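Per-chain numbering from 1; labels A, B, C, D, E, F and G assigned in written order.
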Amino acid sequence: MLLDALTTLLLLAGAVFFFAGTLGLLRFPDVYTRLHALAKADNLGLGCVLAGLALQADSLAVALKLLAIWPLALIASAAVGYSIARRAERLGVVPWQEQDQ
Amino acid sequence: MNLILDPLAWLILLPLLWATLAFVATDRYGPRLAIAGLVGQLLCAAMLAQDVASHGSIGHLAGGWAEPLGIRLFADGLSAVMLLLTQGVALALVLYARSYFSQATPPAFWTLTGFLIAGMNALFLSGDLFNLYVTLELVGLAAVGLVAAGGGAAQIAAALRYLLATLVGSGAYLFGVALIYGSYGTVSASLLGQLINAEAPIAVWLAAGLMLTGLLLKTALFPFHFWLPPAHGGAPAPVSALLSALVVKASFYLFLRLWLGPFAALTEAQPWLAQLPAALGASAILWGSWQAIRADRLKVLIAYSTVAQIGYLFLIFPLFGTGALALQAGILQVTAHGLAKAAMFIAAGTLIKVSGSERVLGVAGAAVHLPVTLFAFALAGVSLMGLPPSGGFLAKWLLIDAALDQGHEWIAGIAIAGGLLAGIYVFRVLRLAFRVTIADDEAAPLRPAAVLEWTALALAAASILLGLFAMPLINLLAGVTR
Amino acid sequence: MKRFVRWLSILALTVLAGALLLAISSLPPAPVKLAGEVAANLAVSGVSHPVTAVLLNFRGYDTFLEVAVLIIALLGMLAAGLPPPPPTGSRNAMLPTLARLAVPLMVLAAVYLLWAGAFRPGGAFQAAAVLAAAAVLLHLAEIQGPWPDNARGPRLAIAGGFLLFLAIAAALLVNGGLLRYPPEQAGLNIVLIESGLSVSLAVNLAAFFLLRAPKS
Amino acid sequence: MIVSFLRRGTLFALLWLIASEGNPAAWPLAVAGIAGATVASLWLLPAKVLPPISPAGLARFLIWFIRQSLAGGVQVALLAVQPRLALRPALIELPLTVPPGLPRLLFTAALSLMPGTLGVRLQGDTLLVHVLDRQQPLQAEELAERVAGVFGGAR
Amino acid sequence: MSSGLIFAATGCLLFVLGLGGVLLLKALLRRILAFNLMGSGAFLVLVGLAQRDGTPDPVPQAMVLTGIVVAVAATALALTLARRWQALTGREDIGRVGDAGSRRRSKQRERRKAPR
Amino acid sequence: MNLNELLPLAVIASSLVPALLIFTLPEESVRLRTALNLFAAITKIILVGALLIGVRGGEDYAFRHTVLPGMDLVFKVDALALLFVSLSAVLWLFTTLYAIGYLEHAPNRSRFFGFFSLCVTATMGIAMAGNLFTFFIFYELLTLATFPLVVHRGTPQAMRGGTIYLAYTLVGGALLLAGIVWLHHLAGHTEFVQGGLGNALHGINPTILQAVFLLLIAGVGVKAAIVPLHGWLPQAMVAPAPVSALLHAVAVVKAGAFGVVRIVYEIYGIEFVQTLGVLLPLAVIAAITILWGSLRALFQDDLKKRLAYSTISQVSYIVLGVALFGPLGTIGGLVHLVHQGIMKITLFFCAGNFAETLGIHKVSEMDGAGRRMPLTTLAFSIGALGMMGAPLTAGAVSKAWLSDGAAAAGMDWAIWVLTASSLLNAAYFLPILYRAWFRPAPDSWPHEEIAARGWRETAWLLLLPPLFTATATIGVGIFADAAFSPLAWAQLIARREYVSLGQ
Amino acid sequence: MNFTSAELALAVALFLLVNLGAALWRAARGPTPADRMLAALLFGSTGTGILVLLAFAGGSPALVDVALTLALLAAISGIAFAQRAWLGKVEEDDAA
């Protein structure tokens, strides 16, 4: 029961962070800031979801497998985010400044 | 029968084998592999035709699983004819190509050719709609690769256009297969032939429409022909020959199979449907011929001739009455055009190679310098015009006969008019060849290798002789059930 | 005129969409049900997952030809002319370390997917995709250089897996059909084929990325 | 060599066990996979190149990192839902103290997942960092220390 | 409406959308993506219709896996050709061709745009 | 395969095989090519001789090969076939001899003689065809084989002539094909049967049968140069003289006329044609062609063009004879098939000699040619007189039978047409003879090639053929009643064709 | 709460699907090529999330493997795109 409640909480939190990430992606002004949104909010959301589901797992192995996805996703995300940022910088994309508004 | 020597299976395995080996081997071994493989395949096709002639149709359960779970391969007279044509023409073209590309072979030419032939053979032998999709892609992508060979901007553009067309065609076909599977739970052509009736749900009608239209696109029937002239006219001559003589026939074959097989109940329930391909075919004959008459490059002229000649194939669809005339006419046209067009394209390749000009005008004086090649071109032209004695003539004769039989006189008229139009574009080239050129006084151009001239002549002669010895082919078709 | 054709096409497509939706919504149940047949024959298929059984046994012939399709696509690239080698000096400093760390894991994941194919979706193609990704990563990290178009190794690897498949298909003709496995050897045959294919397909996929024209 | 082979082999075997959920079927394939991964690992990352890893340091790092990551996520979420964007971004040159290779990779990756910072380009011994709020203090110092902790305190 | 039917309906829409894309879009990359959409539509219909009564059918699932590989192959070839085309001419579309006259014109255009 | 099947094939092969061999011969192998040509021509004559004896004795020679279900390639050697076969075989020999002389030192002779032999092959096939299907095959082959000969010189005029020739003959072929398939569809087969298809045609809508008849006659009418389908013939005179001989006497126009005979007698049947009401229109068209050709010939200064219009006129004598209901007209038409060939080939040989030796191409250049080239001019005169129907010549025999036929058929107007035509013939031939024999020679000839040396007015290979055919022109006139004469043979055919009518 | 965890998981999965759709729109819009590459990131995180949720909701644990594979491939393709695609003029100028 407690596990179910915790799962519910984590899944909902995950949904919220994913939503925030999407919102950031849509609202933030340039590729760098959008990268911030994805790299942080989405990954946190994924972590919440994985944790929530791991709580429901039938076996330890399954739970560990779910939890193992997270670091992999994080490393992947960091690497891709870095590569994109680097590409943007090399393409000459100038970071947005607040006075641009 | 020795199972491991099953010619049906080896018709698929052999080309895949030599194509893969040619991929690993250097260009030095490619032609040898191709020739050896094709000789073997020709034997297999002959054995298969022999078996079909004596036993009717022959089945082969891939994986040993019966339909509907497994894929059933089968060969009847129709497949046998297509297989014989394919191996025969391909062998001649490979012999030609070996000499034609003696300086520099386009990358991957031999291996792509092998895969292309494997795909066609697999297509001719498949009785499973989804498996047929895979074979269609096999053929389509290999053909696109061959068109791209050379890698110039014109080739890449032609290949891309061809690719998009062929992908849309097979995409529509695949979607139709999905609808069919959803409707009946099977993709076995023979089972579907029993399951589909005139009261079939709309989904099946839509599926049939999508699949057949997709195949029309792949066959380049007017107005879906737009991709063909650049692809066939821009590729190296042996490739053009392969594509025009064989590849478009593969999707036509499938169209015909579907029409007479799984979708027969639908097309018989709504006879007016058959007028659509025929009307497009008639337009193809007129438009293709007109464009061929106008073309200023020799190979584009020949490519448009293919557009026109494909039109004949579709005139037969309203004519499937009780008799076998229409089918005989269609398959004779496939065979005769296959032989003649291959001959014409490689003859043109030799003419262009020697004259150095891609233009139709480059042919001037060829009657003096390249009599054998020109003769091959002329014989091929005879078949295309439907003049006797040639396979093209018999096809036209049967077509007109069938048209009169079924009361579609307009089709007879179109067939005759098409022959005259073909006469215009063929003789446009031939009469130029007799024109005396100033080059007569200069040193005659170098004679090309004999094999370049004689392969063309052999193919052209075969298309002529077909007009006298068509009975074996007709007898093979006798066992084809609708 | 052009716009007219455009709008006409859009109209036709809309009609098509409507007709399709209408058609599938009123579709009666299918008369043939293959799921039962698959289940009934699963025991002798050599694998326990029905999709894998269909892919490599019941319709293994499809898969056989599908491999050829992938090779052909690569051949098309060779025919069209290979792209030039990538410019050097735009090195991503994070990649070498990442690659050294990730590639062994990817190898493990690939074999795992191959292994899992017998029980669940997965198999040679997925394994090949992961292996190919590993090769690409090594290449991007400049640990693995581009393959010249005449490189024998990749060609041998690509051909090898397919030829193994072909050899098994041909040898099984003795049983009366292409790829007709004897039930007791089906599992072994499938593992052999899949292992060969995963390498072959992996190299094939990676080649789209790694095959480059020699530097001029 | 043999030791590291066994060590990494064990690690991969553990991973296999987790992934396969302990299913022992077709074990030869499993052995092949583990061996393959181990060989690849030793080829790509020879034992002598790989700095020693302190399990305790790793654990401490992970706990700290999860907290930071949570904070980062919350910060971005708050920024995203605010009616008016309160961003004051900038590009900052950050001198690096962690050694190149695995530590530097870990540093850069973690920095990108922490509040307000995103690695943009590693060049020489500096990292170009994009920050969401140029007034917010960077936690680079602390991160560097904790990364160093993971690799046995070597700095 | 079963989930299978929803899949199938989505598949129909994707297919038509993709078809429209290939036919009407200009940029090669978009047309290639649109072709993939067509394929995805077909796959969804294949799987969806077969399980519209709720029981999954492994046969179409296997067909879809085969179809995906074929689509991947086709996409790979299309992309390599498109990239080659772009490298040769700097253009991202190949335009549409008609017969004779218009073809000649478009060929001239191609030649003009080709790098010297 | 027995001898009776083999012999027709041998007749075909005796020119087909040499044709294919000649194509492969290098240009320089003059002697080998000449030997091959002559050997083939003589072989063919021997084979034809054997056939003549056999057919007269009532032997049946037929070869049948199934091409499509219900459709056979049939060679059948009947009396009618032999009439045409013998004519072509004999004239082929002379034309070959003439061509060897004519083309000495000319380029591309392998090609020329190859297609030449192919033409003869096609003609043999047309003559021996046992059904319309077979007839059509060789009819079209004839078109294809003659085209390279017409354009042989490769000059712009040759190209133009060739193109016009093609346009006419291909359209004609298409019409013929339409007619044949239609007929095949209606009657179930297209075999040539003595007396016509008979029952197979009864019960079919007469309008349709008339339409098919029109298609068939139009199809063969193009080659027979019936007005208004004659436009190609005057244009084709740009071809070398041996080719003109081939077109006008041996093969092409004859093939058309022969087709009319086959269609009228052995497809529809003369009686049925009469009841269909298409016989009279045919006769009228033939008459118009006769007059029109003669009239146009009158105004041509170009010698070969004048001869070409003359051919248009003369070939329709054959058609007219066919269209005269009754055996007498038939005999007249058939015998003219042969006689016209002999006479016209003489004229073309001579025209070629004038052109090659002295460069004379026009009637107005003919002054005094008779004294410079007496033998050629003599041969020409005999041919011309024959054409006019002078007594003791081949032409006299034909015209007599035709007139009798017209009278017997009660078509007296046709006699007037024949008379008018004869007058016109005289009007356009006599001035030529007058100029050649009685006008003084000019100081120099337009383009003298061979100088006069003793009695030899030109190369003997150019001289002998016209002399021989001129002799034949008189021979067949004088010995018209001999066994194996064309007239005797035509009577044999007419007897067999009219046997069903009990006449 | 009167819903099971499975139903919640399905609901969250659908919500993420909508999210993914909206975010893909941005990725497709650009404006810079780098923006387009964000799609790779999206598939990596949101796609993986959706798949594990579906695995749980649908009781098909095999989808977890798919999620893993997707995450891996999305990462590599993202990096590959960033490294190789759209080699803009800037890059070439840099090299020169």
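Here are a few things to note about the model shown:
Basically, contacts are C-beta pairs under 8 Å (C-beta built on N, C-alpha and C of every residue); 3 or more make two chains touch, one makes a residue touch a chain.
All values derive from a computational prediction rather than experimental measurement.
The chains in contact with subunit F as well as with subunit G do not exist; no chain meets both. Taking subunit B out in thought, with all other chains where they are, the connected groups by touch are A, C, D, E, G | F.
Traced through touching neighbours, the fewest hops from subunit A to subunit F number 3. Ranked by separation of Cα centres from subunit E, the top chain is F.
The most distant chain from subunit D, with centres taken as the mean of CA atoms, is F.
Should one ask which of C-D and A-D has more C-beta pairs in contact, the pair is A-D.
Taking each chain's centre as the average of its CA atoms, subunit D and subunit F sit 100 Å apart. Per-chain CA centroids place subunit E at a distance of 21 Å from subunit G.
For the pair subunit B and subunit F, the distance between C-alpha centroids works out to 42 Å.
In subunit E, the residues that reach two or more other chains under the touch definition are 8, 15, 19, 23, 45, 49-50, 52, 57, 59, 63, 66, 70, 73-74, 77, 81, 84. Looking at subunit B, residues 69, 130, 134, 137, 141, 144-145, 148, 151, 156, 159, 179, 181-183, 185 sit in touch with two or more other chains. In subunit D, the residues that reach two or more other chains under the touch definition are 15, 19, 21, 108-109. By the touch criterion given at the top, residues 6, 9-10, 13-14, 16-17, 20-21, 24-25, 27, 29-30, 33-35, 38, 50-55, 58-59, 62-63, 66, 69-70, 72-74, 76-77, 80-81, 83-84, 121, 125, 205, 208 of subunit C touch subunit E in their complex. Note for the complex: subunit G touches subunit C at residues 61-62, 65-66, 68-69, 72-73, 76-77, 79-80, 82-84, 87, 91-92, 94-95. Residues 69, 130, 133-134, 137, 141, 144-145, 148, 151-154, 156-157, 159-161, 163-164, 167-168, 171-172, 174-175, 177-179, 181-183, 185, 226-227, 229-230, 287, 291, 294-295 of subunit B touch subunit E in their complex. Contacts from subunit C toward subunit G in the complex involve residues 86-87, 89-90, 92, 95, 106, 109, 112-113, 116, 119-122, 126, 129-130, 133, 136-137, 140, 209. Contact residues of subunit B toward subunit C in the complex are 3-4, 6, 9, 12-13, 16-17, 20-21, 23-24, 60-65, 68-71, 73, 106-109, 111-112, 115, 118-119, 122, 130-131, 134-135, 137-138, 141-142, 144-146, 148-151, 155-156, 159, 179, 181-186, 191, 195, 201-203, 205-206.
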